[in-house]
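Only one structure is covered here, and it is reproduced in the block below.
Each chain gets a letter, A, B, C and D, in the order it is written, and its residues are counted from 1.
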Amino acid sequence: MPGNSFGQAFRFTTWGESHGPAIGCVIDGVPPRIALAEPDIQHWLDRRRPGQSRFTTQRKEPDTVRIVSGVFEGETTGTPLALAIDNVDQRSKDYGDIKDKFRPGHADYTYWAKYGIRDYRGGGRSSARETAMRVAAGAVARKVLDRLLPAPVTIRGALVQMGPHRIARKRWDWDAIEHNPFWCPDPQAAQTWETFLDGVRKAGSSTGAVIEVVAQGVPAGLGEPVYDKLDADLAKAMMSINAVKAVEIGAGIEAAKLSGEQNADEMRMAGKRIRFLSNRAGGILGGLSTGQDVVVRFAVKPTSSILTARKTVDRFGADTEISTKGRHDPCVGIRAVPVGEAMMAIVLADHLLRHRAQCG
Amino acid sequence: MPGNSFGQAFRFTTWGESHGPAIGCVIDGVPPRIALAEPDIQHWLDRRRPGQSRFTTQRKEPDTVRIVSGVFEGETTGTPLALAIDNVDQRSKDYGDIKDKFRPGHADYTYWAKYGIRDYRGGGRSSARETAMRVAAGAVARKVLDRLLPAPVTIRGALVQMGPHRIARKRWDWDAIEHNPFWCPDPQAAQTWETFLDGVRKAGSSTGAVIEVVAQGVPAGLGEPVYDKLDADLAKAMMSINAVKAVEIGAGIEAAKLSGEQNADEMRMAGKRIRFLSNRAGGILGGLSTGQDVVVRFAVKPTSSILTARKTVDRFGADTEISTKGRHDPCVGIRAVPVGEAMMAIVLADHLLRHRAQCG
Amino acid sequence: MPGNSFGQAFRFTTWGESHGPAIGCVIDGVPPRIALAEPDIQHWLDRRRPGQSRFTTQRKEPDTVRIVSGVFEGETTGTPLALAIDNVDQRSKDYGDIKDKFRPGHADYTYWAKYGIRDYRGGGRSSARETAMRVAAGAVARKVLDRLLPAPVTIRGALVQMGPHRIARKRWDWDAIEHNPFWCPDPQAAQTWETFLDGVRKAGSSTGAVIEVVAQGVPAGLGEPVYDKLDADLAKAMMSINAVKAVEIGAGIEAAKLSGEQNADEMRMAGKRIRFLSNRAGGILGGLSTGQDVVVRFAVKPTSSILTARKTVDRFGADTEISTKGRHDPCVGIRAVPVGEAMMAIVLADHLLRHRAQCG
Amino acid sequence: MPGNSFGQAFRFTTWGESHGPAIGCVIDGVPPRIALAEPDIQHWLDRRRPGQSRFTTQRKEPDTVRIVSGVFEGETTGTPLALAIDNVDQRSKDYGDIKDKFRPGHADYTYWAKYGIRDYRGGGRSSARETAMRVAAGAVARKVLDRLLPAPVTIRGALVQMGPHRIARKRWDWDAIEHNPFWCPDPQAAQTWETFLDGVRKAGSSTGAVIEVVAQGVPAGLGEPVYDKLDADLAKAMMSINAVKAVEIGAGIEAAKLSGEQNADEMRMAGKRIRFLSNRAGGILGGLSTGQDVVVRFAVKPTSSILTARKTVDRFGADTEISTKGRHDPCVGIRAVPVGEAMMAIVLADHLLRHRAQCG
């Protein structure tokens, strides 16, 4: 009933706060005899790590992961996998301002309203630091998919919009995402964004973004109707990421504008396999995967930590103002890309295991 | 692990197919001593009932609900509430075409891929008929909220976009929604939609829509970080409704375009209460309710059942075509409005009970 | 979080009260394409049905089961299976005494203490009538085991003790259990019991009993350490049956008296299979099945509904007395035999599906 | 669906193996603002610690617990509590024998049958070392009960039988349990046991035991019928402890011998409170607490690690023999006493939180 776990068959639980000694997770349900070592996980953590360009928070965290249980002689044993990362850069600072004031757009007020206590250091549990463990669990989920499926599933994410600036889909190039600091698949858009984001950064402001995650090679039939549909669980997974305000599958919000003729993806046989002539559905029909690419997009709001003073109140019930000092993250959406990929991998692994239970 | 239940503390499980003898649900966790009788539920079912205008499917279902257990002498007892509705209008017809062919945009192919068997009569379990039980459970959830909260929560839904036509927010009038067949809060838009939808209907086509559901009076602090955030569960709830392709909270997808200054809802004291100067967050911060209106939107795709023939394949692996005969639903989004309201009520009731467990 | 469901992968939820219109259950997670019809379930219900001898309650219930959803053209579809049984013999009577007084040894007081309301008619939800749905679900679980396992699992129960009278294990004969009204495997003991129970019955008294359930053919490796061990779930399953006060696995309580030498079941190869030289473990080691017979025993207390007046209190806080009139059940343990078998089948089916999720 | 978690509202998940770097747990659902520091947990761990007398294993573990998250400024925050204990005395040794041979009475064979891999070092995950985290979680559960209940709950365990030797109930003295190495409440029995167990120990043999755990001060109405009854969850909790083979509530297995007159605990008013004239029910009726003492007993089998060689097989399918060298634990039941207490506290805390959700 408490909420710090995700998944049912591939079930992970995270713990830890931004400025505690460490963060970690337990993953229960991992199939046995999968080769797994720390570098398998570290690889994905390194992609998410903050401070790799001037466009993300300057917190310096090596994010070195340790496997503390569940692996023996290089293979998973089927018992719980425990992972931990020590917090290193909990910069000693004066929290005086944040301690008593509720930052607008942050979880400060709501945690206080719910629990009557909050760990205000760096946002405590509500910090995006928690997402490091999602990336770690996502790395394990990828291993599970690799091991259990006959053909590999490829899961990739990209930033497709920054503030008002969208990519051009005709220029989409997956190779490009590794060559700019934004995971942008459109090299031309990446240049526009660099200028735009430098402006935002220098103004001490911030901007929102849209991320798209695509999974190729997902077999047909994954998902559990009617409440644990694949799209329902993806929506929950993505919406649970810090600062996300919208989730779309396939045509998404634009589906509202379509006619029935436009929307229904027609089918044809291609040898013995079914081929769809379009993918407005985003690879999911009736909550089950179709075998096409599974396509999810989500919108991330701009962080509310900005240099401009904003009106707020304090915990004593007085009007006041607050502005953010120190580290600054002009577009938190950038670091959400590997997190979205991880959540896709986790949802797919969970549904693959669940499918095996009922349908073999 | 199977997927036909929703909620954890207010937990309901639905059963039944479109053309089986009945549909029903079990709701477990309802607090005791709440006055409840069938008319309390029937009221909300009547609002969802098909065939009430020329713009929804002409299936004639009285949808008469029976309370089969869990109520004694007019009050809930704390034991499981079982509800059932007999199916009446399972029009006898020749299913020959649907039996072997997969309708594009429907769950026909994916159910077959998952289970190797499907009840093709009226869509079987994947039919929107299942949503009647969501509305019934939603009626019970409203009773729970009324009983447990000091002040009433008002949950209302409206259609805010039909095909390409949006309402004007400045003309929003909640009273208007009862006076047109679309739950449209903008009387002027309702007129436009009537003409538009008549055209769609006569062409044998269909159109998508966007629904907005607003809950007023939700106390601050509901939600269970970090995976069962209130917005994450709302996203799952709405995405689990048939044909939904996108879910937004507050500013939603538009949040991507905002600056940090625009996005952070400032706060001021209003007497002893906190007042927010805007509600871009849609009433949720860090996954917890803020005390503001909780605002959710979701997009419904056009139904794929249209008169125009579409390319498809059959279960023997041959290319073919299919078009829908008989009943026709030009905008399934209309009937999704009461369903969205119900899911909002259910998520709130579930989180209210969960909150009580941990935080008293 | 509420408690009317059991199992995780084979998950069933029951509803209904002793004197409501019907009782029923929903079983979610049943694998698709299993042949299933009402007689498959009715067969097992008929074995549990009350009123078949003078030694069980004289309530006359035909217990005719209906499959309301989840089966199409004679096979399970993978969607929820809903079962219902109408209550027929809710004998109209004056509940005056039970309405206000708490029967000692019954759930009257505790339901009232928990919920502040109780359906006093025939015990409401706390009645053993609920166990009919366990037997129905157990019948489905047997079908699942038959379908998924390479060799059949045989699940049988017997009464091994009535009051102070135990069977002689050397005379154990499974065929005998069908030829006496007690499910007694020892024909000689059955004769003793008949005399004993006639005395108890005529005295308006009641007696306890011990039931043993044995599953043959369970494959090795079922169970989910360390909290959902096979024996832990069996203990929960059996203890959840009305009036059960103890659960034993294998040597059970006698294990306390053994030495390590006696207790450890030695192993030898028998061809390519492992053969155990004894089965003190009851077929479970470390919470996982060993491939031997799974052996569970449970003790049922005598029903507290007796003709002798007993001291009690009423809901107004006054001392009073109560005695039971009308139907009388001198040894409720008899009817617990098919229920115990059913719970064994359910636990095994659930763990088989769970095992498939993780271990394929 | 995997099995390494227990509880629903007070939910804990353990990880770690006997000879891994550490063991730990995550407890989710702990109410906020409960004062908690490491000594509160260490106190209970110290009672369970091995090597405190010649009658328990000589493994030397300081079992120093660290709180890694979920506490801020000395109080719980409502976010996950993470606890960890480093393994210190993983004595370096040659595992050659255990590596390939399956020890009779141990989980060696069944883990191998289930997972196809096993961490054979000290039993890996199946080791009783895992129970240290149960004791730690139990310490937190006690804090929750203290904070939320108006009057304190006292939870105490005792060894009531060692091998064939039972205590005399008339000599029961709770104070005595701290003054002998067996948690024996009967000083006279403790002397008998000392002689008996020295004999067992010197013979390199082992013996079973029975533990009784009593909770005083539990309010009436805790438990969730009909599957998560308080006694059903207690049965599961105790049966999940290593080596447990039987669980009894109240009169337990002896209830089978009673008559209805003997079994029904009569009631009388004592001022405004209900007083029961006996407690055969063990404080639970219909799966709900009565307000009396909750009384649970469980039987622990003798450890199978003995000096005498026993017949077994190896993983290559050959007949062989095995005997245990090194550390020896003549009566593992002794160390199960604090574990049983902890599980009682955990079940009660879980059910208290669950009760609050539905019944306020």
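Throughout what follows, a contact is a pair of C-beta atoms (placed from the backbone, for glycine too) under 8 Å apart; a residue touches a chain by one contact, two chains touch by 3 or more.
Computed from a prediction, not measured in an experiment: that's the story for all the values here.
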Option in B-D, C-D or B-C whose residue-number contact pairs overlap A-B by over half: C-D
From subunit D, the most remote chain by mean C-alpha position: B
Between subunit A and subunit C, centroid-to-centroid distance (C-alpha), Å: 46
Whole-Å separation of chain centres (CA-atom averages), subunit C against subunit D: 26
Rounded Å distance between subunit A and subunit D, as computed from the means of their C-alpha atoms: 39
Set of subunit B residues in contact with two or more other chains: 1-5, 8-9, 14, 29, 32, 78-79, 114-115, 125, 225, 353-354, 357-359
In the complex, subunit D residues that touch subunit C: 1-6, 8-9, 14, 102-107, 109-111, 113-116, 125-126, 130, 161-164, 200, 205-210, 220-229, 231-240, 242, 244-269, 272, 274, 277, 280-282, 284-291, 299-306, 308, 310-313, 317-319, 333, 354-355, 357-359
Residues of subunit D touching subunit A in the complex: 1-5, 8-9, 11, 13-17, 20-24, 26, 28-29, 32-33, 68-70, 72, 75, 77-82, 114-119, 124-125, 353-354, 357
Residues of subunit A touching subunit C in the complex: 1, 9, 29-32, 78-79, 148, 225, 353-354, 356-360
